[in-house]
Amino acid sequence: MRERMIAEYLTTRYGLPGWLAYGGVALVQCLILLGIMMFAAALFTWMERKVAGRIQDRLGPTRVGGRFGWLQSVADGIKLLAKEDLIPKEADAVLFRLAPYISFCAAFCVYLVLPFSNGWVAQHLNVGVFFIVAVAGLEVFGVILGGYSSGSKWSLYGAMREAAQVVSYEVPLGLCVVIPVMVAGTLDLVAIGNMQRGWGVNWLVFHNPFLFITFFIYALCTVASTNRAPFDLAEAESELVAGFLTEYSGFRWSVFFMAEYGSMYAMSGLGSILFLGGWHGPIPVAEMLGLTYANHAVLGWLGDLLGACNFLFKAFLGVASMMWLRWTLPRLRIDQVMTTCLKYCVPLAAAMFVGTMLWTYALPGGLLPRSTPMGAVAEAPPWTAPRAARGE
Amino acid sequence: MELARLVPLLLLFAWLLPLGSFAAIVFAGPRMGRGGHKAAYLATGAIGAALVLSLAALGAWLWHHPLAADSQAAAPLSGDWYTLAEFGKLRLAIGYYIDALTLGMFVMVTLISTCIHVYSIGYMHEELGEVTDPLVRGSDGGPLVRPGRFPRFFQYLSLFCFSMLGLCVAGNIAMVFVFWELVGICSYLLIGFYIERRSASTAANKAFIVNRVGDFGMIVGIMILLGGLGTFAFGDHLGAGGKVEPGIFSQVRPASAEHGLVVPDGLVRMAAADRLAAVYASMPSADAAEEEIARQIPQLRRAGYGYWLLILAGLGIFCGCVGKSAQFPLHVWLPDAMEGPTPVSALIHAATMVAAGVYLVGRFYPVFAPEVLLVIAVTGCITLFLAATIAIAATDIKRVLAYSTVSQLGYMMFSLGVGGWAAGLFHLFTHACFKALLFLCSGSVIHACHTNEMTEMGGLRKKMPWTAGTMLAGCLAISGAGIPLLIGLSGYHSKDAILAQAFSFARHAPAHGWLFYVAAAGAAITAFYMFRLWFMTFAGKPRVEHIYDHAHESPAVMIVPLVILAAFAIGAGWTLPVVNWGLPELLEQARPLGTAEGFPEARTIAGLVIPAEHYSHEPALHRIVSLAAFAAALVGFLIAVAFYGLRLLSAEAARRWFAPVHWLLVHKWFFDELYDAVFVKPALFLARQAAEIDRGVIDWAADGSARLCVLIARIDDWLDRWIVDRFVNGLARWTWRLGLALRPLQSGQLRQYVVMIAVSTVTIFILVSIYRNYALLP
Amino acid sequence: MAVERVDPELVEFDVRTDEMLINMGPQHPSTHGVLRLVLRTDGEVVSSVVPHIGYLHRCAEKIGENVSPRQWIPYTDRMDYLAGMNMNLGWAMTVEKLMGLEVSEKTRHVRVMVCELNRIASHLVAAGTYGLDLGSFTPFLYCFREREKILNLFEAVCGARLTYSYIVPGGLIADLPPGWLEACERCLSELEAVVPELHAVLTSNEIFIRRTAGVGVLSPEMAIDYGCSGPVLRGSGVKWDLRRDGQPSVAGMYEDYRFEVIAQAGGSYPRDQEYPPVPPAAVLGDCWHRFYVRMLEVVQSIGLVRQAMEKYRRSADAVSEPIKITQKLPRGEAYLETEAPKGQMGFLVIGDGTAIPWRVRARSSSFCNLSVLPEISRGCLLADIPAILGSLDIVLGEIDR
Amino acid sequence: MINWHTFFFMLFATITCAFAVAVVVSANVVRMAVCLIASLAAVTGLYFLAAADFVAAMQLMIYVGGTLVLLVFGVMLTARGPFVSMKITPANWLMAGLAGGALLILLLCAAVSVDAWKTAAVAESAAGREGGHTVARIGMALLGLRVDALEQPNPALRGGMAGYLLPFEIISVHLLVVLVGAAHLARARRTKKPIEPPSGTSRAA
Amino acid sequence: MPLLNQPVSLSHYLVVGAILFACGILCMATKRNAIGVLMGVELVLNGAAVNFVAFSAPFLRGDAELALGLDGHLMTLFVIVLAAAEAAVALAIALCYYNTHATIDVDEGDELRG
């Protein structure tokens, strides 16, 4: 809603034509999100190397870009752009070109409704959770198409594995997402986040033991549905050469790559909002310092900024633990992956669902004493209030 | 969390855990590991967790209501978890009524059940594989070989624990009745566990049917209370509209009357229904009639209306308890129930289920009039004496214990009847500990010897030191051994309290003084037969060599529960100094309001006074009784030593001298024969007559009508063939021809069909728009 | 009416899919070189595997018939290039047998030392790349870090890190340099500390166990029928090790050493209580056991090296000098098999009285070990192929020669 | 001045229709599937514009996500060389085109036949941008409670408002049955081929 | 651009729905591939769903009080869910058909013709 205010301000104050004001604001927003996603991908490629290095008892990149090798991602990017752009003769050229962008778009669309802090969201959708789950599931299309259109058997194997795996893991993932939503009683991500303000005990993960377990199922399903080791069967270097990526190179390959890192970060972010308090830290620093809208709009904005840092850090931690997993564990076999999903995750998530339902029935207040009451209306910046409340 | 929410929640989980285990075993039992052995872990885990939860609940309770030397009654927690249905003011609910007694029962039941579950893992291990039952003939003439039923056993145990805990926590009579019956059905299932044995299935049936007799009385009692008071609930609870609805207890003993026994308005109205109807008829409006009735009720109450109904209700409830607690004259089922596996005997027929009757009497204590209490006392007294005498002559080790159980239950009932509320329930707890111990010990012996007959045992002390030791502790406890006036095993404290109250009662109501002497004699007999059992089993020389040779000590999984229970059998009666932690203090917290000061003199029986219990604590009185009781027990013990320990006297000779008495005792006072002659034979006769009538009259009529039907059917058949069929066949022929004509249209081409559908749709729309003047174009 | 019974062996319930023919290799990350496997797959299930070899054929044996035995030593280095010392040893001892040469005590102990060190290095590569085959990258680097230390030792001995040519017919090209034994001891103690880490990330890792236990089971009979040897044979529970059971000259090399043949017999491994227990899912002869045998042999070889160092210190004589390039071979033939890390490495040499052998042949253990692949991977999943192949631990240089 | 609502509607409508036509004219079954995805995803945008946010998310999740993954699966399982494109004769095209065209004309006529449908209530059209906030109301309606019935201005309609609990349950059971049935149907029986021994190796003598 | 200046009305939506519907019919009528037919069905269902959503929006039409409101949304939801179910079954049928006929050409499956 903030962008509408800015756009209206531009039109009324500076007399810009409406299409220019609105279009410009939308463009800026998109660019910011794109920037975040790109930056995240770049940061994480660098971090992946560093983490791998540390885990493997070596240094990781050191040469490019000074002390920590921080220019490694840039160098990688330049290398990828400079690579020869290959399309195999057997490939279905149109689909082959299209596939990476489908994946990327799906990963990017998640960011459209992902709030980074209280009300800091490109499009405040009241079915945000639902939208994210729906859009995140679309990423698999790019992979399937890419695998199919490459005209290589290894690619096709990768695509088939990806399809089977992601479609299966959507089920427990959806169930795990529904459980905190059920406790929160809303699909609105901003509302879910604000519900957990206060001290760390207010985080939904500590709401009851079932949600606590659910969080770990969610984490597992996230790893599986973003295709990270030990569930990286679609790429599976030692089995399928590189799976669906076998025939890709250069820029298109890096687009797939960015989509993967983008969705990793987005799913970690979703997890942190649903379970780990979103932008509310274990200690309500912003409220202690008086950074609230009740004091001053600027102070409130600063508090939100602090929250955004908090949120980014939590999502970052999620990605870091995914990396940790990847460099520690061997890869599972396809039948074991499916068994994990269908025989363990789904029944377990369903049981947690029932458990949470019964728990909220028996103990509506949660297990631990809450530092603020659950139903308290979170203080929100003025532009997130409904129009009627603003007197429009 | 506040106490009022926390304790019911903890107990709810403790109660439902065994149900969960039951359900799991029902659906997945045989698949739980080899032979279903994991079912045992599940069931044990569930009841163990229930024990932990119960202890937590007790802890929370004691945190809020610390024990003191002179504990005051603490307000019970009552409420509903879930309302099943509401009919006007009458509410049917899953409710709870929790006081210190409930919590004590929970801890006791779960503790003993846990021990017995663990013990059963060892005892029932034969059921894991195929079981050869030498007592039953299979279809091939040899001993029956059947698949093991290990999970089924634990499934029943879980169900039983669930039922028993439900009974304890129940907040209203309806729920009590449901769980009462559930407990009964569990008992039925477990007695008949070896269903192929004819004796087992007969015993199960007997237990069930005898209990039905008691339950009939109980239903009468419940009906009276429901009809008169209009509620099922024990305690007060919030009704519709936030109004506090009084429960049964506060109606019978309203706070306005200082918790004295008052005949409730409802019962008065019920009793004086005719007169009230007349009032209604004479008054112009219903409101005015109500006013008039309200004015008349105190007068009617004074005139004695409703008092008999109250007595009847009390007797009815007690009747149920007689059945369940195996009191005279319905005690016949319990000894037969020993056909079940020994852990079952220990759990159900000694420690918990039969105690349910006593528990219920304790729970309904505020409702009983003094007359009812007298009936209870007399019944208990007769039972304790009768059963004790039979136990002297029994040779089956489990039967001795079974009669001992009946006798001890008689003690409890007796105690409650003479006003010893706390004493009776105290004995309930201590008895549960040492009787479970005794039964498990006997199970251990049976497990080792593969026989129940004491005449085939002897000298097992050397082979089974642990069992012998723990059993000795149990015998000492049940006999009431201790250092007089100072300290003793658990049975010493509780039995002392009972006899003291009986003595106090005998002083206040001299007409019923004989009760005390019978009870004291009972104590002596108890000591005698218990030590007879111990000596015959463990002391002396082996009587049958091959049994002795094969006997062995039981595995650790069976011994550990024995040791735990032995510790409780020794120490359960103690009160820790300073902190005052002890069962009597806990029970005092649960004492029903208004019963602390005894009962006023009964209205119908002159001289019947139920004295307050604290009179019996007076040192002067207590000292006498204590010494008397100890002397009685010592006498019994010495006689046993003389006969069976040192063999100074010959049991054989004694048997010859008292041949008629022995004959009577061996035949158990001929109760079974009496019931057979009075009830069973006439019932069978009536059944035979009914069968004759069935065959001669009703079957004949049925056959005749069938013949008539056949005739009508013939006529109908003719009509069918010549009229209906011809029409139908003609129709079918035409359909056939039409089908042939339309056949080519069905080309099997999917796309063609789609085109056809599209064209038809367009056509229909155009036709409609032409004929019905719908303009498709604006 | 009789109910139609369906024989589960003959009918399967599935979506009808078509068989696919896939070339795995010769350029594939997990074929360990230039092996080409032709897979016939039905979905993820592999119905048959056909290995195609020969991409690395270099006519090594033919060259051996045109150069003198001393000159052929560098070619043996390039057979199993991960265990050059053992290849040198095999050829050197065969020629010594033909010529009837005896080597000094000191030479013998140095040979034991370097061969066992090379066995450790080879097994470390096997373990590391096996982790890689199963998708676990980290253990690979752990293993290679340790192997580098061993290669440093070899470099100090002979100047080469991979193709040593250190053991030659008649003796060694040089004695150990001063200070080498201390460096070796340091290396061994560091290595000992790393072994539990490898057990933690691989052997006892739950996913690792699930990927390997019960996969690619090779029965002892089949292993013997196909001529398998080395850890592959011992992983199937056959206690056979040429260091104990070989020809007199081979077994004699180890006669005064204390060691046991690492194979499961009677349900347990020697000294198995110190290492992760055998998981319940593991079947004797499966990938897990083959891997486990290698891991145990690493520890055993550490002990052998220590013994050899002790004996080396105590032996008074000097190392033997190698034969000359122009040394004439006697008439006659000699065949000798030694226990190389990957199995039994055999060499045949026939002399005709000149300095150049008349005939040279090599028997490769990897070749035999690879030949069981089609048998034990029939009906497995696609992901099991790298797992089975990796557990066989083949080297193409030795197969193709 | 451009009405942005209209602009986006036109954008999404064009994408929808163009890809729908592409589905029809495309011969390759995989491309058909891709076009179908694009078309259906664009329909989602139309739903958002019509203030049906929950329905839109549902369409995205179930239709575009669930159904089409299934479809793509099916396509791939059966997309082998000769079946990828199967041509039909021009006569068939003509027939189908005539029928389809007639239907299209009929529907278009119906679409513009009512005057009230052609005039938008301009004042309220901005509501579409805010999103409909229909989640809670739909959820309540599926549980049998119509909170929106109170807002219904027409008393005749308000009277007939009932919840959708029963349809919801029926649909749930229906879905279950369908999934079980589909799983059963797809598990075809066939005879296992004996696995021939590998041709490349033979036991060395 | 006059087209873009006027607000969207119900008829606009109906036209989109009609096109989707007609495309679906055309798709069903011209594809020999069973999967193609299935896609046609999806298009048809979507055309209907678009109509439902459009009819339920009050601000698209002059007679706002006649809008379907929530009922339209619910109907659309049911259509979507049933379409998913239909797709599952139809796909299973297609696979079954493929298993028995070794092709997915629907023209081949005319064993039951009259």
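For reference, chains read A, B, C, D and E in written order, and residue numbers begin at 1 within each chain.
Convention: a residue touches a chain if its C-beta (ideal position, glycine included) is under 8 Å from a C-beta of that chain, and two chains touch if they have at least 3 such contacts.
Worth saying up front: this structure is predicted, and the values here are computed from it rather than measured.
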| item | value |
| --- | --- |
| Remotest chain, subunit A as reference, centres from CA atoms | B |
| Chain whose Cα centroid lies nearest the overall Cα centroid | A |
| Chain pair that, of all pairs, has the most C-beta pairs in contact | D-E |
| Inter-chain centre distance, subunit C versus subunit D - centres from mean C-alpha coordinates, in Å | 59 |
| Separation of subunit C from subunit E, taking each centre as the mean of its C-alpha atoms, in whole Å | 64 |
| Centre-of-Cα separation between subunit D and subunit A, whole angstrom | 26 |
| Separation of subunit D from subunit E, taking each centre as the mean of its C-alpha atoms, in whole Å | 6 |
| Subunit E residues counted as touching two or more neighbouring chains | 25, 29-32, 40, 95, 98-99 |
| Shared interface positions of subunit D, touching two or more other chains | 1-2, 54, 58, 66, 73, 77, 88, 92, 95-96, 99-100, 103, 110, 112, 115, 186, 188, 190 |
| Per-residue overlap in subunit A, given as positions that touch at least 2 other chains | none |
| Contact footprint of subunit C on subunit A as seen in their complex | 52, 55-58, 153-154, 157, 229-230, 232-233, 236-241, 327-336 |
| Subunit C to subunit A touching residues, read off their complex | 20, 22, 28-30, 44, 131-138, 141-142, 145, 201-202, 205, 207-208, 210-211, 381-386 |
| Subunit B residues within the subunit E interface of the complex | 742-751, 754-755, 758 |
| Touching residues on subunit A, where the partner in the complex is subunit D | 18-19, 22, 92, 94-95, 98, 125-127, 130-131, 133-135, 137-138, 140-141, 144-145, 148-149, 156, 159-160, 163, 167, 170, 187, 387 |
| Subunit D contact footprint on subunit E (complex, rising order) | 1, 3-27, 29-36, 38-40, 42-43, 46, 49-50, 53-54, 56-66, 69-70, 73-74, 76-78, 80-89, 91-96, 98-100, 103-105 |
